[in-house]
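Pasting the structures in now, so scroll down.
Below are two complexes that have chain A in common, paired first with chain B and then with chain C.
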Partner chain A sequence: MGVKYQIRKNTYYDSVTLMLISKDVGKVEGVKEAIVGMGTELNKELALALEISSDEIANMAANDFFVSVMLSDDAIWEDVILKLDELLNKKNEESGMDYRPKTIETAVKYQRDSNIAVISVPGQYAADEARKALEKNLHVMLFSDNVSIQEEKELKTLAKEKGLLMMGPDCGTAIINHVPLAFANVISEGNIGIVGASGTGTQEVSVIIDKLGKGVSQVIGTGGRDLKDEIGGITMIQGLQALIDDPKTKVIVLISKPPALEISKKILNLASQSPKPVVVDFIGGDYEMIKSYGVYPSITLEDAAHKAVALSNGDMPVDFDRFTLADSKIDKIVDLAVSKLSEDQKYLRGLFTGGTLTDEAMKLLGDSLECIYSNIPLNPDCRLVDSSKSIGHTCVDLGDDEFTQGRPHPMIDPSTRADRLTIEAEDRSVAVILMDFVLGYGSNEDPVGAMVESIKYTQQKAEDRNQHVIFIGSICGTDKDPQSLEESQKTLEDLGVIVMPSNAQAVRLVKKIMIKVNR
Partner chain B sequence: MKILIASDDFNELFSRDITGRIHSVFNKAMNLNIGGQLFTIGTKGVLIGPRTAILSEEVSFIDLGLIKETIFEKNGNIISFKCNHFKIEYEPTQIWMTGIKKIKKRDTLIHIEEKLKSTMSWIFEKGDESGISPIVFYLKDEFQWIKMYEFQKKDFSNKNMKFIIPRITELIKSLTLNNNDDFISGVIKTVGFGPGLTPASDDFLVGLMAGIRYSNIYFNESNEEFAAMAEMAMKKVIARTTDISYIALEEASRGNFNFAVEDVAIAILEICKGNEFESKVEQLLKIGQTSGTDILTGMVVAMMFKFN
Partner chain C sequence: MSKINELFDQKISIVNIGLESFYKELKSQNVEAIQVDWRPPAGGNKKMISLLSKLKSK
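Showing the complex of A and B:
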């Protein structure tokens, strides 16, 4: 073991950079102790107390930056300095690009062949920026939310007049010409086109299409309010027409929560005239009504993907409402899991990062559980009075506004869910914890890893009171995503989490367990 | 590029022609050294505070090519920088007054206690607890008047925390015993702890001073004695922390705080709508990586003590 240090005289980095460096240097393998910071008297005393000081450290001034570490092996020092410089230079590299235009106007002048603008600015500026982009004849993907519905209508009307797509506001995912935008997975190229009004719902469908060996031509996001009466489905209709006209698209999938009736009719009318087969998942929508338009209704997001793939292969689609594993194997999993529960364990806690996945879970479970409490309940009587506290069967969408004010979405920073899980760990009536894990661009670099400690903590808590909590999860990700799908799955399985191939299958498994538990 | 708003002390100095050097440059702010005193120019979006002016546009000072030690001059209403001929038009459209603000409609003691408890819960729900804020879990064992909603006490017992706990405990004890010498010694032993450019313990102290000052105003008590003690403590810690952190400490000892700090202090003590109160707390929590959380922790601890 050895002590290594470096001092940078009279050097300032902002607090955010220093804190991040401090956290990350401590995580480098082989680092036993670490201090990163300014050379204040107290930090020098702390270095002394941690036995990572030196004469030079003792003599530095408060405005000097320093890093001092105790290493299990001196050879690691090079890794520490590399990590340090990587973190310090990150910002410089970003700002060291040839030219970074500050406005849409200069960006267009600089890159004249641009035809789409991706906008992510605070809500109060978002509509103005989107308008500027549309006026410059750019399609827009507006990631920002907090844009009024009136502004959304104005922007979408302007876009329509100019023959442009206005995706959003609050548009979380899109894949345009195979370029993933915002939250999106790496999906193979193919001939299935998607228009989606729900972010994680669209991701789930595209991921399952990829897993089934097919791919997408375009994924067009509309923003969650597009199919409300006030907007009239402007972007979904434009997106549907664009895919009808797109020679590379052979099959079309439409995804949304159930739209307003009039809007639904308008969209289904257009879909019914499409020369290409259209699969419609109005999550929990009226199956027979959708079918009456001659399109293919789906019962789950997974079913929508299966039907699209069947149609893409030239096969007749059938409802996919089963498990990938044989029923006998599923029954064994259920029996084994239930046998470990104590008598007072009877409730489900669904902790979701994806809103659509939460919604789908509650709709699939609806007929088997009396009341599922939620911050986005299906039944208003089952609204959680305090969203931070679960009661009975609870499914929470931790990506909902109330959880994301002033902090990142849990798909980016899963700490909200990790903290929530440690609260659930205290409740001896919990039988099953259900979770989604969304991989892909935009998501946390390791959404599974970020939950490991909380899962272990919950398991230990249960064990301490002679209980066992059943963990069930599904991973929305492909083997090409920047995070490793294989490692994510292995990590979960090593922890004893039952990993199902889709949200729908995870929920069906929960349903089987809950029926048995409450029998 | 124009100045949108400037604090009164910034404006007073910049009302005449002056020269100085750039002390340090960050993306959203740069510090100017004028005769050994630091003043800050922040980009649009940075919150106004003492010795600060805010530009009307959002820029990155690093991208503008500003570098430390560069000489600048203020002639007439133009501040010009020698390194890249960058110019700022200095004619602020608003002047922001430093100093303790008035409390208009005092809230009741019961409401204030509730607000303090809520704020404490938001510190851990919405703040960044990687600074000094977890110290309240340890202070709670020592000082029964620290009230919190029921929290699961996590394991915060890393070596750094063990190092600082006795020092902060000593500092708070000096306040409860009204012992000026111990307070000064407590400040000296506390300043400069933590990795940030404004170390976490300094942020905690700024909050502590805000909490005491504003509580005194609420109770119509004089701040004179505390001001004298705080200013004396600051004179002794000038070399114990970074120049940039020292500005905030020195100004806090004089009763001058960042806009977001004042806003929360007043919102706790005044009648204030729930949503408005929470959004002000959130605004403060957004400062720096852990600075806002640590300032708020210091403020709440001081107020809980004063309202005990």
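Showing the complex of A and C:
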């Protein structure tokens, strides 16, 4: 067993590229541990923890590239370097010969009609880059997280002064003039405008609008903290006003987790003055309070989409709180599924890649389950002590920060969830596994395919002990997304996964099953 | 008209700073985009960055 490393000074690659390459290098036979990355503090700590560090590694700068591995046999080192260079060369070839300016300032000189900066550099550098972009009069979508709330306030105040959009930090999705930015689905053009503070929540609403035959005019992301007291909803208010003034938008949808009370009032006041109908999903927010402002409150993300579509058609919206399938069919599905369970199978395990979808699931399951353990629990008493271990009913958001330190988000690389599922496979008390599959730009090229082996493994494990685990899923995707929606659905159904048309319906089905199981 | 509403009438033209996959996806959709060859300022050395930003603000 030996440690080998190589440092290449002043050679920079972005984090997602490197994490994916790191994974492939780790697969080379004989490699016990591997890091391929930049000399960031995090990577240096990681190397130390994995016992593959050295003084030279400890002294690297953030734009030095390194590979460090623990090998079962030193002779494998050559294979590692060959594999690494093959992957890096492939990446360089894909990058092509396009001109790459070193700074935003040069970029806007070269591409004179630039109007949006999409920024995804590491958090500690992100605010600086966003400020430079705003100063160059670019609207900004800031994908990076780990930006302080003080910096967010400063950036948004500057953007507001200049009349620019400052989407983010931690803004995962937007569709401007039908161009999907970062994580976004391909949605038909239409007259529904969305401002969303919740990434996958916004994706879910836009996808269902598309499935119902309508489309979007603009989808503006704000980042998850926009509606906190400290920020005051600056971006949501700007976005809402812009949609009110936009002649192509006829209906407006606002999506957020419940905002701070004062901010909520501010937003709803502006919405109440809109000559266009406004649908509001403050996920789990106060329905009657929202309604009192003369806007349309919604009970789920799916309901928000249904209401927006009804209003776009000139119809009166009604609450959508049911299944697409007839109740009799749903009852049959429930009866059949429950009949296959053994007596000791009692628990739900929700393994989510989307944070908002996790949150919505827990809110909809509400009081039907005693305590839903989570890394983002509704009830602080139900916080998982160790997020890597489920207990009782558990819903985990695998995209939360603690799971993404040094690893790509599970929407990019679903292996975090595949690994987690194989752990759940060992637990004979599990009755239902619930999962979301998010398609679209930004996401993995085959989010369903990446889970197939671990679903099969879990099914086999259950079968070996004469059990059957119920798999329920929903796909957040359209038939125009780069991944095939049809094939994704077929693959899941061929595996025996019950695929529901939305997160809300998947959760509703789980609820019916759990009530029956725990009766 | 506000700058945001002006944007709604413009052709989208992106400056991408960071993850290259975003740039590639935009290009694959024939969206005008340019990738900044970004790297941490001053090699990521915090002291140097702080000194540089002080110099720039003068």
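Going forward, the second predicted complex is superposed on the first by the 422 of 519 C-alpha atoms of A that agree within 3 Å, B and C clash if a C-alpha of one lies under 4 Å from a C-alpha of the other, contacts with A are read in each partner's own complex, and residues count from 1 in each chain.
What we mean here is this: contacts are C-beta pairs under 8 Å (C-beta built on N, C-alpha and C of every residue); 3 or more make two chains touch, one makes a residue touch a chain.
In this text the structure is predicted, and so the values were computed from the model without any measurement.
Participant: Applying the document's definition of touch, where does A:G37 land relative to chain B and chain C: first, second, both, or neither?
Facilitator: first
Participant: Once the structures are superposed on A, label A:D245 by its partner contacts, choosing first (chain B), second (chain C), both or neither.
Facilitator: Second partner only, chain C.
Participant: Would you check which partner chain A:K23 touches, where first means chain B only, second means chain C only, and both and neither mean what they say?
Facilitator: Only chain B; A:K23 stays clear of chain C.
Participant: Is A:S144 contacted by the first partner chain B, the second partner chain C, both or neither?
Facilitator: Second partner only, chain C.
Participant: For A:P380, using the defined touch cut-off, is the partner it touches chain B, chain C, both, or neither? Pick first, second, both or neither.
Facilitator: In the superposed model, A:P380 contacts neither chain B nor chain C.
Participant: Contacts for A:D14 in the overlay, against chain B (first) and chain C (second): which applies, first, second, both or neither?
Facilitator: both
Participant: Just chain B (first), just chain C (second), both, or neither: which does A:T422 touch?
Facilitator: Touch partner of A:T422: chain B, not chain C.
Participant: Between chain B and chain C, which makes contact with more of the residues in chain A?
Facilitator: Counted on chain A, the partner with more touching residues turns out to be C.
Participant: For A:A62, decide between first (touching chain B), second (touching chain C), both and neither.
Facilitator: Touch status of A:A62: both partners.
Participant: So in the superposed three-chain picture, is A:P275 touching just chain B, just chain C, both, or none of them (first/second/both/neither)?
Facilitator: Neither partner.
Participant: For chain A, which residues lie in the overlap of the chain B contacts and the chain C contacts?
Facilitator: The answer is residues 12, 14-16, 38, 40, 61-63, 95, 100, 102 of chain A.
Participant: Report the residues of chain B in contact with chain A in the complex, numbered from low to high.
Facilitator: Touch residues, chain B against chain A: 24, 26-28, 58-60, 62-63, 68, 125-126, 128, 130-131, 152, 154, 159-160, 163-164, 189-199, 201, 239-244, 282, 285-286, 288-291.
Participant: Using the touch rule from the top, collect the residues of chain C that touch chain A in their complex.
Facilitator: Listed in rising order, the residues of chain C that touch chain A are 1-5, 7-8, 10-22, 24-26, 29, 31-32, 34-41, 43-45, 53.
Participant: Under the stated contact criterion, what part of chain A meets chain C in this complex?
Facilitator: Residue list for chain A touching chain C: 10, 12, 14-17, 38-40, 61-64, 94-95, 98-104, 107-108, 110-111, 113-122, 125, 128-129, 133, 137-139, 143-144, 162-165, 176-177, 179-182, 217-218, 238-239, 241-242, 245-246, 248, 441-442.
Participant: Chain B touches which residues of chain A in the complex?
Facilitator: 12-16, 18-23, 33, 35-38, 40-43, 45-46, 49-50, 61-63, 91-92, 95, 100, 102, 388, 405-407, 422-423, 426
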